[in-house]
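One structure follows; several queries about it will come next.
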Amino acid sequence: MTFLVRRLIVLVSTLVTVSFVVFLIPYLTPGDPARKILRARVNDPNLDAESVARLRTQYGLDRPLLVQYADWLLHAVTGDLGISYTARSPIPPMIVGAIQVTVLLTAAALIFALAIALPLGSIAAMKRGRPTDTVITTVTQGFVAIPEYWMAPLLVLAFAVHLRVLPSAGWTGVASMVLPCLTLAMRPISYFTQVTRASMADVLDSPHIIGSRARGLSYRQTIWRHGIRNALIPVVTLFSVWLGGLLGGSVVVEVIFGIPGMGRLVYDAVLNSDIPVLQAAIMCIVTLTVAISTVTDVVYTVINPTVRSANVSS
Amino acid sequence: MAALLEIDRLTVTFGGASPVLDGVSLGIAEGEVLALVGESGSGKSMTALSIMRLLPEGARMDAAAVRLGETDLVAASEGQMNSVRGGQASMLFQQPKRALDPTATVGSQIGEPLRKHLGMSRSAARRRVVELLHDVGVDEPERRARSYPHQLSGGLAQRVMIAAAMAAQPRLLIADEPTTALDVTVEAQILALIAQKKAELGMSVLFISHDLGVVASIADRIAVMYAGRIVEQGPTAEILDAPSHPYTQALILCSSLRPDESGELYVIPDGAGLERVSSGGCRFQSRCHRAVEAHVEHHCASREPELVAAPGGTSGHDTRCWAASTMRESA
Amino acid sequence: MSLLDGTRTSALDSAPAPVRVARSARGRRWIDIRTWPASLVIGALLFVVVVLTLILTPWIAPHDPAAQTLSARLTGSSGTHPLGTDQLGRDVLSRLMDGGRFSVSIAALTLAISAVVGTLLGLVCARRRGAFDEFIMRLTDVLLAFPEMIVAMFLVAILGASQSTLVLALVLGGWTPFARLARGVAIEIDSRDYIEAAKSLGCSKRFIMMRHVLPNALSPLMAHAALRFGHKLITVGALSFLGLGVQPPDADWGSMLADGLPYMSRSPGLVIYPGLAIFVTALSVTLMGQGINVRRNRRT
Amino acid sequence: MRTLKLSSALAMAAFLSLLSACGSFQTDSSQPAKGGGSGGDGGGQAVISLQFTPRANFALETDDAFVLTQVGCLETLVKYDDATGKLEPLLATSWTQSKPTEWDFRIRDNVTFQDGTKLTPDTIASALERMLKVEVPPRPFTPDVISSVTAVDASTVRVTTPTPSALVPYRLAAVNTGILAPAAYTKSGVDPLRHCTGPFTPVSVTAKQSMTLERNDKYWGGKAALTKVEARFLPEGATRATQVQTGESQVALAIPAASVPDLKANKDVVVSEAFTPRTSGLYFNVSKAPFNNPDVRKAIQSALDLNAIAASIYDGTAQPAIGPFAPDEAWAPKSVKPVSADLTRAADLLKRSGHAPGSLKVTLLAYTERPEFADLAAIIQDQLEKIGIKVTVRTSDYAAIEPALLGGDYDLSLLSRNHLTDIADPIGFLTADYTCKGTYNISHYCDPSFDAKIKTANAESDAKARYAIYAELAKRLQDEAVTAFLVHEQTVAARRSTVKGFVDDPLARYAVTKDLSVNNG
Amino acid sequence: MTETDLRTLGGSAGPGGGADGTSDMVVIENAVKHFLLPRRAFRRTRDHVHSVDGVSLRIGAGEVLGLVGESGSGKSTLARVLLHLAPADAGRVVVDGMDVRKLRGAESKRLRRTAQLVFQDPHAAMDPRMTIGESLSAVLAQHRMGTAEERRKKVEDGLREVGLDESYVDRYPAECSGGQLQRVVIARALLLGPKLLVCDEPTSALDASVQAKVLNLLSRLRREHHLTMLMISHDLRVVRLISDRVAVMYLGQVVEIADRDQLFDAATHPYTLALLDAATPKRPGSEPTVAARGEPPSPIHPPEGCRFRTRCPLATERCRTQMPPLQAVAPGHEVRCHRWDEARAALVGEGGLVGEGES
């Protein structure tokens, strides 16, 4: 499986590059980097110059940058992500909790989007050029242009304030997921529908559909056996791209609905200049995103034999 | 010989445009190979797809009759058609690799008609697929059954298509330019394979090609199409040796690539575009050297000739030309 | 790692835009609006109206967008204030027009920089291949791994919130899709016979780039740019909404929307109008992008 | 086979999402019922929306202590009653100054922590000693002002100070000095679950989201009315307001001014406004031109229309300022009126200072943490424009502008200051903000006579006399226009009309109390 | 022959010269072109496609060489090597006295004026966004020839020469049929007055009636412009029609080369014989004959020894181990086969081969 190996190399090198940039954050932000780094280690924002000098040696901040980086990376890899300035507590539990929330939120929104978009896109493709297609295409295209921070307040106004059927904020159960998921799903619905429609249309036009019908498969069987899978290939890719993209992209929704996810965590870290949390959160998001894209490539390979043998066989 | 396939006045139209097929009538006897010959755009493939009722969306098909054996293909329900396709009638395509689903193994696709038409179990179908592949001359059939279309060469893919087409032992094989995309040495192999299978199964073949040379060895009869019409049909030898329609004659001359005394190859004159042709006269009229001859000119421009027995031809040799009788003499 | 090169790029933000170049164009000029698909016409019209309004704001705005009347705050629409007034008694319509200048120009600026940088890099990659290409493509891999909002927030953390941070943040990740698309299209076009023909006819590399590659690559790139524009506009708004973008006293649609949230039930217009402005503007360019794609596919 | 792979991939995705679902909801498996449902005996259940999110693992030296007192869990030895301005017993029943540097507190009997351990002077002493040793001790209770805490006998705790101090009981009213059971202090932080003495027992916490509490049936002060409380941590003010609007919460604290009219319009909601010792002002950098000239400052003071400001962006929830202290405060100067807007006077003053209209260009800093400051800055910009002062507004987060403020490298800045930061006495505020060596002297104001007055006040044990000095100093700040005080803020809380017994604490210490009940009929 | 020799020869041939056929317009010696396949992780070596693997050829001035082979035989690559569109990895390629592998700057422009290419698919060979007039006059502009007016006139003349009227100047490629567009492509190739025309399957995408027309045009142009031509086709009949000599390629190598008549009448390589057999018009009803087994192996891993051995009915042990050399079997007739002397007798049946019964 040289293909997998190659993907892993890209994955690791990406992470190393990104981690170096992330490591440099305290050096890039204004102020004394040593103080900022120490702040995370010793929990004292008001260090005098003497103790800074002492701690600088104690924590090895006077070593060459690359040595420090290696040290930092080693700590990070072993789960020691430092202490949050604001929370004064170890970071990993914060990240784990936030990631679970965001992954659940995004996955739910995307699965919802798929559930809407796959049938819509397929129907549009099968009714190409007819009014059904026009309506589906036009409406879903419009979804792209809806800002989440516009839709969310309007949804809250409608469903929480006026109708009072759904909670306006929080993360306390399935009901509280409905509005955030709906908000988050709008743009994916649009993209998924369009991609499904296009790829389904491509598949419907491809000669192998005629080929399979000429072997006696009914239209339905043909679409089911030879259409859907082919049409799904680009959708699967898109799905995971969104999954990765939304890990950090759900900030707005998390803020509006008061959801304690990754976006909110990073947002707070930025507002409070909580550098260790920022570093840890960005590393985690990037790791996840890259991992997802790797998994996607593998899944893509599994469902698309054309790529598989090119990658796998010699 | 009883006619296995009979097509009577088949017309296919897209939207409001002039028909791509205009009253095509054909018959293929049991065990016979009929070659449908013509240039690109003449309607050969449309004829094939009409028989299978697989015309693209938006096409309108009218026919007095299209009959395969006892089945009326015009009146047949979609369900009946599904059992005809791949069952009684199979099809080969010009680009075999593209006619196979790239995401499914070759074996599973050959197995489809077995399971569908013969009701085989999955495992029985799998065993039979290997036999079929072996029968069409594929080496290592077990391994090949597990491979994907893109892993096959063109010739191999066409063998796979043949295996799939033969799976349910059809009575009619429609081969739509099955060798055009192949190298010449491989083309010969595929032609031989089709001939061999035809002999083994005793099936009829509708062989579509633009190449008269390819057709010569495999066809019993030839039908020549021009602009959506059959312009001439008859026994292979007679069509090739004594064509009675000026288009057939021109096509043979062109295809032979034999220069005349001045070293020039024969060239069919440019005519009006096809869209102008159906104004009532003979469709070939504007390109036909015969049409200028005074005594037939009148008819050629105003009335389209019927497909009638070619003068001096044997029975079954029909032609669609006002000047057919004078043609023979000059040929 | 070419396996997703084509698909990944456009997947996130553009609708299906397979890297395909018109093989045989009907020889119609762009100017001929009669050949434009409806979505392109409607989108372009809307966009022109929006842009003209924003350009002419200093002359046509009914009020000074900064003029306050604290005694007449949060009024509904009236003759003097067609869209009412905000929490400081400023004219909402004038502020919308003024705020739009920030939103649209920042989105346009980031897009323009991204598109030019990305396209040039992509074309150079396609031409040079080798190590440079490899490096740039790996770089796009890395940058694509960053969700855009995270990049923006990362930069805000480093540089502080400001308009220039906003532009920088959006350009940083924004050029990558253009680079990939341009590279893909250019490589695809490069493999065409007419490029080989031009080479064999002794045409200069410059000529091939300018007359063959660029014109043929232009329409997919334009479609992509149009589809990206709406996205940029929304992202700019999102960052301002979160207080990480345009900083007061300047206001763009995103920050106006955020400012209006507390007054939503008293004066829904404060939330609805800025959102609507973003929506309509984003929609107009998206329609244009779709139209260009439709037009392109029609030619194929 | 192919289909199998595809479906297994999908199944895996579904499984993963399920997994994470379990993960993220597991901590609140004991979901409280939606608020308002009446409980079996008495006051039912309530959901309360709080402004602060515990961020420091409930370390009591941080603001997290406020959360724990607000929800009715954490208790201090002494309680400062804001209404009367007096100290009340809580965990301590009485206190005396045995020596100038020693205070003895008598501990209430029969108080047990929610985990069953008994409250003893020893547990109190070790809890407070611990507080003195943390890396950043809370301001009211630092080693600078407290030397040690010891248990004297079975019912007495002694607090020793380095210098004579009259304010020790006030210090022990600060929420940071609340007492938790010994088991609460763990290596990884403070665990408040079942470790309080208050009327409600915290049973579960969802990080950054909520805390669930049950009634402490063994509370020393008697059973509380509510059986169950869910406290939600909602940092967005508008969200808290919405929660009460929709009835998702019964009580919400710190309602932003903008939401007040909406809530007032809702007949199911009761809005209460209460005093808070917080005044926002336009701070001048008096160390440098042009604001070293009192006339310029006074010109600006006169140009501002405080009534319009209070009525507009504060939506009537704030009062025009008469100085650093609000009129009702004990140490406020009597019968002082806000400076009324007088553009003519302002123009004259400006002319007297030698600045022609239009010649003055200054920069105004505003920080984003106070959402109203952006609008406030816009108003000030607009109003100063009228007397020909050109103001450029720069907004950014507080951390970014603090160096400029402390370093004296700015012209004008908006600040909102709490003048009872440490204890219920404004001396800390006056010292930090306006003495020459003040640690937070943003104005860079320095007047030895002012410092001398402060010194006198510090030594004065008679409250009345002290307050008189404060009033004098406050008037001075206002008259010299050291700071252009804008408005006295108020805290606004909202509750459903079914809620009874709610008191909005101006110091944000208490919200859920024994007496709070929800009556759903 | 040294390089200087070639230069003088090439120079002396001059425009329109070399009709006597004594000088060489093209000399290819041991040309090699391998295409590298993408690198794979943890493989030291990279696979490559042996497209052209040691080909030597000469084309005399004014001569037409036919080049025959199946897909993957490397004939198109050879054309690109010749025109320096796909630079050779090794060997020597000389066109009209210019060593194309060493051309720089102005010299390479001279190669472009000397040698031109006609493509298989005329639609792909024209930029869809440019009118025919734009496409053609751009070529002249690139070579700084004439004013805009002169260029337009020259383009119209060029189009007229291939039988198209000036209305085509303003047409877009999509508005032309394949046959018309192929003529445009030919007109474009002739604009710069080349001496050498490389035709890569110029008629295989066209219908029979159009094919004849284009072939007639090429014959006429060849006569009128004294063109040297390399005529590449998989169709022996096309090559026979127009070529003076014919070379047959298989998997990157020339396996047989001879004068046209010699090749068609006395071919001795089994592969040539198979091609000839496939091209022979079949009598109606005759069984298709199959003269080569299987399909061409992958050019990534060509067989050891003789490359045709896997499909050759005459293959022996020797063919497996030894690559046969290209050996002269008659004047101007070279074959790469160990068993050339027996092949013809063994493989050609009673009826003979192409054309033998007819011509």
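The letters A, B, C, D and E name the chains in turn, as written, and every chain counts its residues from 1.
One rule holds for everything that comes next: a residue touches a chain if its C-beta (ideal position, glycine included) is under 8 Å from a C-beta of that chain, and two chains touch if they have at least 3 such contacts.
Everything numeric here is computed off the predicted structure, so don't read it as measured data.
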| item | value |
| --- | --- |
| Least step count from chain B to chain C, where 1 means the two chains touch | 2 |
| Path length in steps (a step moves to a chain that is touched) from chain C to chain D | 1 |
| Longest centre-to-centre distance from chain B, chain (CA-based) | D |
| Chain pair with the greatest number of C-beta contact pairs | A-C |
| Chain A and chain B, separation of their C-alpha mean positions in angstrom | 54 |
| Chain centre separation in whole Å, for chain D relative to chain B (CA means) | 89 |
| Geometric centre distance via CA averages, chain E-chain B, whole Å | 32 |
| Gap in Å, rounded to a whole number, between the CA centres of chain C and chain A | 22 |
| Residues of chain A touching at least two other chains | 6, 161, 229, 255, 273, 303 |
| For chain D, residues contacting two or more additional chains | 2, 245, 397 |
| Interface hub residues of chain B, defined as touching at least two other chains | 103-104 |
| Interface residues, chain D side, partner chain A - complex | 2-3, 5-6, 9, 13-14, 16-17, 20-21, 23-25, 28, 31, 55-57, 59, 62, 135-136, 188-189, 206-210, 232, 234-236, 239, 242-243, 245-248, 397, 399 |
| Residues of chain C touching chain D in the complex | 66-68, 70-71, 73, 87-89, 160-161, 243, 247-249, 259, 261-266 |
| Contact footprint of chain A on chain C as seen in their complex | 1, 3-4, 7-8, 11-13, 15-16, 18, 39, 138, 141-142, 144-150, 153-154, 156-158, 227, 230-231, 234, 237-238, 241-242, 244, 254, 257-258, 261, 264-265, 268, 271-272, 274-276, 278-280, 282-283, 286-287, 290 |
| Residues of chain D that touch chain C when the two form their complex | 237-238, 241, 245, 256, 258-259, 261-262, 305, 308-309, 311-313, 366, 368, 374-375, 377-379, 381-382, 393-397, 400 |
| Residue ranges of chain B touching chain E (in the complex, touch as defined) | 39-40, 153-156, 183-189, 191-192, 195, 210-213, 216-220, 235-237, 240, 250-251, 254-257, 259, 263-268 |
